[in-house]
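Okay, got some structures for you below.
The two complexes that follow have subunit A in common; it is paired with subunit B in the first and with subunit C in the second.
Let's turn to the complex of A and B:
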């Protein structure tokens, strides 16, 4: 088991290295002097010279990359050009909001998917199945940001139950913060449940066909027990993989949701970074989310044998 | 029966969309770019079916032009991603060995960036224009294409006819193009259809974030973005462009399901 974990960790290293390489060279793709690009036209010559020295622009590219990677390992991701704050600090303060929204939403969406997908598979072909699958297909066709806008329109503008714009940090007022987070979480939960429901249903259908399910039924077990004890554990593994991929993707990928609900999250940070050409921030966000993606998927791979006993750790 | 209804609905939605785009080429109810400050934020009426926006521009005309822009971007993006992804996936899956390892390491690394963030970063580098959006999205969806094609090719290369072609002394390129590629086409076609839906979605998201096609040209995404501040006074602005995206995705996904059932019976549910 430990050997497996170690080997899986070792396999992640080349991926992470290339991720770092891509993030580093992304800014170098921009034509012109990188320091000039980062500071913008009409930058102060002294600041330009300082940045030149910091980036080591007079040295060969591989030395620059090594220097940059060294900084990254010590947690130094550079400073934001627009605010002057360290990028690492910005990332950490923003990650909390995004993390809460993503974790709660994906958790809820997984629960919905397990119940709806298993029940739809169990009553395959019935009106209930049709309704669940129809709902899931519809969800897949609705852009999350539009769903968010609609929810805002209904609950914020028409019913006036929830605030439309703004955000209060958890540390200041937990209850107030919750009010601002309800709609983003609801939006993301609905949006992400579509694909998870379909996955759960199709693996539950495969498992329901197996002999041991017939055997469990023949023993006289209640249907509820058959589904909960025999079908769910063996059908959940593919959905778990998908949950992992979703978590990793959403951590940086909910920029649109954060924009709709004006939440100060990671995605929003990246978007403002792009719009104001704040390249250290863009690099930092990319690197951070990619590393999280790799780590989350690593965790899922390590958890996999727990959920699917047929997968032996080799 | 239910399946065929599903397929029919898919054809209907996509067909309606194509008709809207074609009609828009020769006739639009108004000029979608003309500003009319006397009629700003007008609710839907007989004169303006879907109302007017904050500059008095006709929403229906803008949505029709938006359809043309969004769909042409999606077609170009899918074409680039599929052609490049098929070439790379074919090489990786057929040659195996080091070529495959290098290609897959790069594609896995690309896959580690959330698609929308990668596209955002590329647009930041390339500048905000129609071309850079196509290139950025094509790169963002390239790894998925490489993966699918490589997977299909790996199983095809073990078949007898490929072996026979090799034994007959055919060159590697000839065998790949003549025998492997045609048999890998069904999964590629299914992928291209799903890809089309994803690209429409991502392009609208990029436009919504303000890094898509630059204004004043309309896309469904930037129409929604500019509707956000007028939610109190003009909620209809937030409805129509969203419905257009939903109808497109629903139609494309349904056609994709039908195509998968037809081409790959094992996946049918």
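Let's turn to the complex of A and C:
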């Protein structure tokens, strides 16, 4: 097992190097100048040139890349051009917020998908199945930002149950922090549950057709036991793959949710970085997201044998 | 069983991440006392006045720092840290007498040495101070010396007379030439945070979340009421919190919910949500800004002045303004803002839509329908709407506009390089017409941002800054306006109206043409 994990991690190094290379050069292909964005439309050309020199942007791109990569190997992801903060620190603080929202949301969405998808498959063709599938399709059709604003309007403005903007860290007020996170988590949970429900239902239908399920029923096992012990583990494996991909995607991609709910997360950090052409921040965010992808996929692969005994870690 | 394991695993991972997030976040101070909460649509660029800045940065720092002089409500210049000043007969030496009893936020008394330290820092080689080009060779006048004859007196010597010197010192985009204490800079020479003399002192800046300013108990206001950025300023709340809320809808929801007290620069498309809402009132003022189309007069097709005039004549400026600004803007065909005191009979007439004349000019120019690229972006969203309307209106005159939508950084890069045919663009408030014409006029060879490089315009702009006589300046601006309409280096469309939404308990808020939110002398009813 350990050898397998080490081999997977070693294989990730060339992947991450290619990601770093592509990210570095692609970011610089986007028109726009971080110094210009920082100094604004009235900036004096001499001031712009001075800031280019200060930020090292006057050096050839390959020199900038070599310098940056050298620092990355020592754990230094650079310094934000706009705030002057170390990118590694920014990533760690922001990833905490995003991590909580994403993991809890995907966890809840997965639970909803397991129950709703399995029940819909079990009662395939019934009114219940129709309702579940209709709901899942509706969720897929609704943009997450719109849903977020709707929840914000209903629970924040009309009912006044929950705060609408801002964020309190857990360290300051755990209960308050939870209140601020309820709406973003609810939005993301609902948004992500649609596709997971459909996947779970589809997999469960396939499994319910198999002979061993018929055999289990013939043995006289209760339907609940059949579903939990024989259908769920085999039907969940494809959904688990999707859960892994979803986690990787969301770690770098809940900028819209974070913007609507003013959460200081990774996605908002990246969007702000892109808009202000803060190259070190964008590079750091994308590299971090790539690392998360690699780790999540590794974790999913390691979890696979738990659900499907036919799969072994080699 | 596997389901239970999976659930337990998910909960465990979420708990671990939650605890990790809790440990990673530094523990902030807990706000206490009365708090006035306002919104910023983006984080500030720095805490260093006039150095690394944008409009949000200027607005926040004006509560913390002050300069020798300050711009008044009517655009004139009044005292701030300087009690009075004299100008030498040759117009080159300004002698300022500092107000007595002023102390910085760290308790140190304000002296002429602090003024010299601040000015030397602004004018040092490598400084990025916004007004450095204006007060260096090639600007309105170069500062050749800053002398301190005694602790209460500062003398600033210029290389030539400059009637706009005081107005330049007071410029908001130059941080009002803030006088800060030298401890604002650390031993390593790096800027730490502003230690100023304003009614609020620097509190906490959590990037992309909020900036807290705290009431300065030792503030010594000028007598009388507030006036522009000067006058008798007072902190009426214990704390100001500027919360960064990029999304306009979320900001509106926060105001309606009571999570914000002041929502400044309300986007026109959010007006419908806010107007008439219970417990919300609106305050507004016309802005001294410029929104229009910049034209590269050396670019294909538009190098022909007939095509530029045709484009201008094809536009119904009043209708465009009404639609784009949701009825809040003021149509204006002059670069001089309609609210400016120099906006007179010569500047007032709008360029009327005349499709017959536009078509005749198009025909005379030999234009064959080649596409003209009009760059735009969504910063602000009205840019895009205006570009689409311009495209539709120009089509009626036979002009083929292709709208190119960019993000703001790309838009700004194209503006800076001059690499475009035409673009939607806006300039924030300028309180003197010379400043507004100055962003348009100049030598394109050395500064590609300039769109108007005719020698006559450059000469007129120079005349506008070397005389302080109001009548003479009015004549110069009238001449510049007439040339602007004839040469069409840009098409002026409208000035915005800055709308601020306030919760009912907020008292004393005053919008003004300089567009910055001023939260001194603003209180909360039922709060001490």
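One rule holds in what follows: the second predicted complex is superposed on the first by the 259 of 314 C-alpha atoms of A that agree within 3 Å, B and C clash if a C-alpha of one lies under 4 Å from a C-alpha of the other, contacts with A are read in each partner's own complex, and residues count from 1 in each chain.
Basically, a contact is a pair of C-beta atoms (placed from the backbone, for glycine too) under 8 Å apart; a residue touches a chain by one contact, two chains touch by 3 or more.
Predicted, not measured: the structure shown is a model, and the values here were computed from it.
Chemist: Counting only touches as set out at the top, which of subunit B and subunit C does A:150 meet: first, second, both, neither?
Modeler: In the superposed model, A:150 contacts subunit B only, not subunit C.
Chemist: In the superposed arrangement, which partner chain does A:294 touch: subunit B (first), subunit C (second), both, or neither?
Modeler: first
Chemist: Between subunit B (first) and subunit C (second), which does A:75 come into contact with in this model arrangement: first, second, both, or neither?
Modeler: It touches nothing on subunit B or subunit C.
Chemist: Who does A:205 touch here: subunit B (first), subunit C (second), both, or neither?
Modeler: Touch status of A:205: first partner only.
Chemist: For A:251, is the partner it touches subunit B (first), subunit C (second), both, or none of the two (neither)?
Modeler: Only subunit B is touched by A:251; subunit C is not.
Chemist: Looking at the overlay, does A:30 come into contact with subunit B only (first), subunit C only (second), both, or neither?
Modeler: In the superposed model, A:30 contacts both subunit B and subunit C.
Chemist: Compare subunit B and subunit C by how many residues of subunit A each one touches, and report the one with more.
Modeler: C
Chemist: What is the contact status of A:19 with respect to subunit B (first) and subunit C (second): first, second, both, or neither?
Modeler: A:19 sits against subunit B, while subunit C stays out of touch.
Chemist: Using the touch definition from the top, say if A:229 reaches subunit B (first), subunit C (second), both or neither.
Modeler: second
Chemist: Show me the subunit A residues, by the header's touch rule, that subunit B contacts in one structure and subunit C contacts in the other.
Modeler: 30, 149, 152-153, 156-157, 164, 259-260, 275, 277
Chemist: Which bits of subunit C are touching subunit A when the two form their complex?
Modeler: Touch residues, subunit C against subunit A: 1-3, 5-7, 10-11, 13-14, 17-28, 30, 43, 45, 52-54, 126-128, 130, 132-133, 173, 206-210, 243-247, 249-251, 253-254, 256-257, 259-260, 406-410, 412-416, 425, 427, 439, 446-447, 449.
Chemist: Would you mind writing out the residues of subunit B in touch with subunit A in their complex?
Modeler: 2, 105-106, 108-110, 112-118, 120-125, 197, 201, 204-205, 208-211, 224, 227-228, 231-232, 235, 238, 242, 245-246, 249-250, 253-254, 269
Chemist: Using the touch definition up top, name the residues of subunit A that touch subunit C in the complex.
Modeler: Within the complex, subunit A contacts subunit C at residues 30-33, 36-48, 50-51, 82-83, 85, 92-93, 96-97, 99-100, 103-104, 107, 110-111, 114, 149, 152-153, 156-157, 160, 163-167, 169-172, 174, 177, 228-229, 232-233, 236, 259-262, 264, 268-269, 272, 275-277, 306-307.
Chemist: Please name which positions on subunit A make contact with subunit B in the complex.
Modeler: 14-15, 18-19, 21-22, 26-27, 29-30, 130, 137-138, 140-143, 145-146, 149-150, 152-153, 156-157, 164, 201-202, 205, 248-253, 255-256, 259-260, 267, 270-271, 273-275, 277, 279, 282, 285-286, 289-290, 293-294
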